[in-house]
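Here chain A shows up in two complexes: once beside chain B, once beside chain C.
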Partner chain A sequence: MKGDSIRSWERYVWPLLAVVLLLLFWDAAVRWSGTHVFPSPGKVQRGLLELLQKGLFFQYVGDSLFRVASGYLLAAGLGIPAGLLLGWYPSAAYTANPAIQMMRPISPLAWIPLAVIWFGTGDAAAIFLIFLSSFFPIVVSTMTGVRNVPPMYRQAGRNFGLTSAALLRRVILPAILPQILVGLRIALGVAWLVIVAAEMLAVTSGLGYLVLDSRNAGQRYDLVVAGMLLIGVVGLMMDILMRRLERWKSVRWGFRYET
Partner chain B sequence: MKLSARIALAVLLWTGTISAMHMSLNVDWSALMNDYVPEQQRKFNVAFIPVTCHLTCPVTDYISRQSPAGNIFLPRKFQGFPEIKEALIANKIQAAFIVAPMAIALRAQDVPIKIVYLGHRYGSAVVVRKDGPVKTPADLRGRTIAIPSRFSDERLLVFRVLKAYGIPPEEVKMVEMPPPDVAGALAVNAVDAFSMGEPFPSQAEMGGFGRVLFHAREYWPDYMSCVLVVRQDMIDRRPDAVQALVDGIARSGLWLEKGLPYRESAADFVGRFYYLQDPALLRWALTNPLDRVLYTPLTPFKKDFDIVRDLMIETGVLDRKIEFEQYVDVRFAEKASSLNAWPYEPGIGWVQ
Partner chain C sequence: MPERKAARAKLRINNLSMTFRRDGNAVDVLKGIDLEVREGEFVCILGPSGCGKSTLLNIAAGFLAPTSGEVWIDGELVSGPDPRRIFVFQERGVFPWLTVEGNIEFGLFKLSREERARRVAHYIKLVGLQGFEHSYPHELSGGMKQRLEVARALAVNPDMLFLDEPFGALDSITRLGMRSELLRIWELERKTILFVTHDIDESVQLADRVVVMTARPAQLRRIVEIDIPHPRDLSSPRYLELRDGILEEIGLAHKV
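What follows is the complex of A and B.
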C-alpha cells in the first residue's frame, strides 16, 4: 500500500507553505496592531544576522547542545540500568515507585535554588537540572517496559537454560528496546524544554541565556523571539534524528511502518 | 445516577468551590474594580520589589490607608527588574521603582517614561564571605561578583571601585542574579562577592557568613540607586495624581528620618505585610547604623545623574549621550519639597 496517496513532493511543500503563511500572518499582525514592542519577522531576522556577525550564533547553539547532551547522556546512563533493575525486581519497584512518582512532577524550576546551593553557578548546575528532567521519564519507561514483557518470554528463556544475566541481555533487553527508545525520545524533548530554565543559573552562553539576556537588555524582544525560534528549530531537528532511530532494525518491529 | 453524570457533577462542584474560595481569599477587589472606574479617579499601579531602596512605597501605602483621605495608589510587588520593565512597557503599571540606569536606558530606547523622584540614597554595599580570600577591594581581581542587573548602580559602583584600585574590569566576572538569591549564593561559595541593595547585605551579615567590604558611600558620595518613574501619558493627562504620588513618597521619606522608633515601626509593618521578610532583618538594615539607608533628600539632581549616565556610556550599557531634561521631570519633586512628614505616630496611629 502506498500510503494515503501522499506524493513525495507534498511531504515538503505543504509544511513549508504552512510556515510561510504563519510568518505572513505574524508580519501582518504586527503591522496591523502598530506595536513598537513586539518584533516583526524582519526584525527577528536582523537580530539573527546580528548574532551571526558577532559570532554568537554557533557558540550559543553549541553550548546549549553541550549542556543538554551531558545532562541527557548522564540521565540515560543511569536511568536505563535503574529502570532495568526496578523492572526486574518487583519488590524494588514497590519500594522506590512512590518516591519516583513524587519526584517526577516537581518542575526543574523548583530545583533551581537547591541546584545553586549544591553546584554553584555555571555548567554543573545547568547540567544537573537537565539530568533531573530527563532521568525520570527514562527510568519509568524502562521499568514499565521490563514489567510488561510477557511472562512467556522469560519462561521460554529459562527453559533454554539461560542465566539471569543472559536472559536480561538476550531476551528482556531486545523485547523492551522500542519502549526504551520511546522513553528516550520523550526525555530528549523534556531535556531541551528545560534549557531556558537551566540557563537561568548565571551561565553566560546558550540559547536559554540568549532569551533571558535579551530580556534583561531592555527592549530587545527581537532577540528574545530569535532565541525562541532557534530553540524550536533545534528541537525539531533533534526529534527528526530520534525518529530516524526508530527505523533501526532491532526496534523496527515495535513501531508501525508501512514497508 | 450514571457515572458520567456523577463525574460531571463532581467537576462542577470542584470548580465552583475553588473559584469561590479563590474569589474570597485571593482576589483584591478594590484593585480589580480600579480598572473600571473613570480614568480621572483611577489609582496608579506602582511596582516595587522587596528591597529597602523601595521602602517608601509600602510605607506610603500603609500610612495613607489609615489616613482620612485613604490610599493613594495600589502597590504591586515584583521579584525582579525585568518583569517590572515589561509591565511598564505594556502599560500594566503606571509607575515603578526601578534602578536609575535602567530608567535612563529605557528612556534612551524611547520607552515613554520619566524619572520624577528618587527612592533613597545610599543603602548598597559590596559583601564578601567573612572568612573568604577577599580582604580589600584590591583582592577582587579574578573574582566573580553577583549584581542585580547590568542596568544597576550596584554594577557601576563596582566599576568605580575597580577603577580606583587600577583593576581592569575584564579581570572581574559579573553575573546577573535576582536579588533574593545572592545571599544564598555567597553562603555556598557560588560567588565570591555581591553588590546589592539592602536588606541583602544585612542578610549576609546577620547570617554570620558575610562581611561588608565597603558601603557605596565610601566610594560614591551622594550615591543613589533606585528612582521612581512614571509613564509619560500619566504625567500629561493626570499631573495631579503624579503629584499626589510624589507627595506621599516625600512625606514617607521625611517620616522615616524622624528617628529610631519610626524606622523600627516601618521594619515591623513592611516586613510583615509587604515584603514578607523577617522584621528583624529590615530592622538591622534600617538601624545599623541609622544612616545606612537615607530617605532624604530625594529630589533628583542633574550632577548625580550625569555621573550615572557617563558611567553607563563608559561601561557600554548606553550608546549615546542623553540629557537630564529628557529623562527627568523635576516639577513634582520641586512642589513636594516644602512638605512635612506624615502626622502618624508608631503605636498610636494617625494624629491630626
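What follows is the complex of A and C.
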C-alpha cells in the first residue's frame, strides 16, 4: 500500500531465518561451553514431545489461556464501562483519578498475599491477579480516549439532536474504539506477562506452573525452557490476533499513521 | 435584490456581549452586538483572526450561552443546538469512522429507510461525491471532505446553516471552486446562511451583506451591502470598489 520495497515472501522468510540462526547459535553455545544444566534446543524439543505424550501440553496451554481469558475479559467488561463513565463525567474522573493512579504502579505480584487471603489458592486467586494487571490499563486508555474526543464531534452529534445515550453510542464509542483497542492489546500483553506469577499461587497446572515446578521438582531445565518458549509463542500469537483487529474497517481510520 | 429585502427577519441578535474568564482575568470577546439576518439571506461575518466572530457563531448556534443579550431565531429564544440549524466546521467535523454514506445519513435517524436512502443519494449527487459512497473520509481530499460535511448538514433539511471558516484549510484554488459550489447549492436550497471568515475577497464574493467586525472586544464596525448579482465578476469596477471600501474600513493598504 505504501509502496515499500519489501516483497510479501520476505515478510516471512527473514524473521524465520533469524529464528533459525538463533537456534543454531544456542545449540553451538551449549556444545562449546559443555554445560550440563542448560539444555540444548534438541533437548528442549524432546521435552516438548514428552509433554505432548503425557497429555500435558494442551492441558497446560489451555489452563493458562483459561485463567488469562477469565481475568482479562472480566477486566475489559468492567474497565471499559468504568473508563467511559470517568471520561464522560469530569467530576468522577477528578474524584477517582488520584486513587487510580496510586493503584496502577503497584505490581500485581505485591497483591499475591492479599489474593491468597481473599481467594485461597487456586484458579480464583490467579484470575484475580490477571484481572488487576489488565483492569487499570483498560480503564485509563478508555478514559483518556473519551476525554480526547474532539469537541466538534460532540457538538455535531448534539446539533443533529442526539440524546446523551445516543451520543455515547453513535459518537463517543466509535470515536474512541481505536484507542480502546490499543488499550486492550497492551492489557492483554500485561495479563500474559503476569501468568507466571499468578500460577505461583499453588495451582497445579498451566505454563507458569510448568516453569516453576520443573525447576523445583528435579531440575528439569529442558522443561523450564520449553515452558518459557511456549509462553513466548502463545503471547506472539495473541498479539498477532489483536493486531488483526486493527485492520477492521470501522477502526482502521485510527491507525493509518502507524506503519 | 429588492424582493429579498422584504423578507422577514430570520435571526435577531440583541445587545449581545460575551466575557470569558481566563486565569482569573475577565476577557471581553463580544460587546453590544446587534444584528438582524433576513430569511434566505447570505451574511458574512468578517473580522481579524481571534476577534470573537467564531464565538458569535457558536452563541447563535446554541453551543455557548452569552454573558448578556440574546439571540432569537424565528421568534424563539435560542437556548441550545437544534437540528433545524446546522453548524459546519472546517472539514475536520466529518466522522472518520463513517463512510460518505454513513456521514450523510447521520442526522436522518428519525426518517424511514426509504427516505434516508433517497436523501443520501440526492445529496451525494448534489455535492458531486458519486462513486465515493463507500469511501472513508481519510480517503478523500480536503475539498471532498468539506463538501461531505455540507451534504451531511443539508441532508437534515435545516433552514439555517452556520459556517465557521469552512474553507480555511483548503488551498486557494480549491477554495474558489468551493465558493461557487456553495453559491450554486444556496441558489437551489435557499437556506439562511451565516458565514464566518477573515478573508475579505471571500466575503465580497459570497455575501448579500458583509458584517465587518472590529478587533477584540468585537463590535460591529459596519455592514456593507453587496449589490452585485451572482455570478459575480471579480474584476468588475463595483466588485473592486466594494472590496477596497472594506479594506479601507479595516485600515489596510491595497498595495503589498
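Simple rule for what comes next: the second predicted complex is superposed on the first by the 253 of 259 C-alpha atoms of A that agree within 3 Å, B and C clash if a C-alpha of one lies under 4 Å from a C-alpha of the other, contacts with A are read in each partner's own complex, and residues count from 1 in each chain.
Quick note on the criterion: contacts are C-beta pairs under 8 Å (C-beta built on N, C-alpha and C of every residue); 3 or more make two chains touch, one makes a residue touch a chain.
As the structure is a computational prediction, the values presented were derived from the model and not from experiment.
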Using the superposition described at the top, determine whether chain B or chain C touches more residues of chain A.
C
Touch test for A:L241: chain B only (first), chain C only (second), both, or neither?
neither
With both complexes overlaid on chain A, does A:N159 touch chain B (first), chain C (second), both or neither?
second
On the A-aligned overlay, A:W253 touches which partner chain: chain B = first, chain C = second, or both, or neither?
second
Once chain A of both complexes is superposed, is A:Q219 in touch with chain B (first), chain C (second), both, or neither?
first
In the overlaid three-chain picture, which partner chain does A:V171 touch, first (chain B) or second (chain C), both, or neither?
second
Any idea which chain A residues touch chain C in the complex?
150, 152-153, 155-156, 158-161, 166, 170-171, 174-175, 177, 249-254, 256
Give every residue of chain B touching chain A within the complex, in rising order.
81-82, 85-86, 89-90, 102, 105-106, 109-111, 144, 146, 149-151, 175-177, 181, 184-185, 188-191
In the complex with chain A, residue positions of chain C that touch it
61, 63, 80-83, 86-87, 89, 92-93, 95-98, 106-107, 109, 136-138, 156
Quick one: in the complex, what on chain A touches chain B?
36-37, 113, 116-118, 120-121, 202, 204, 215-219
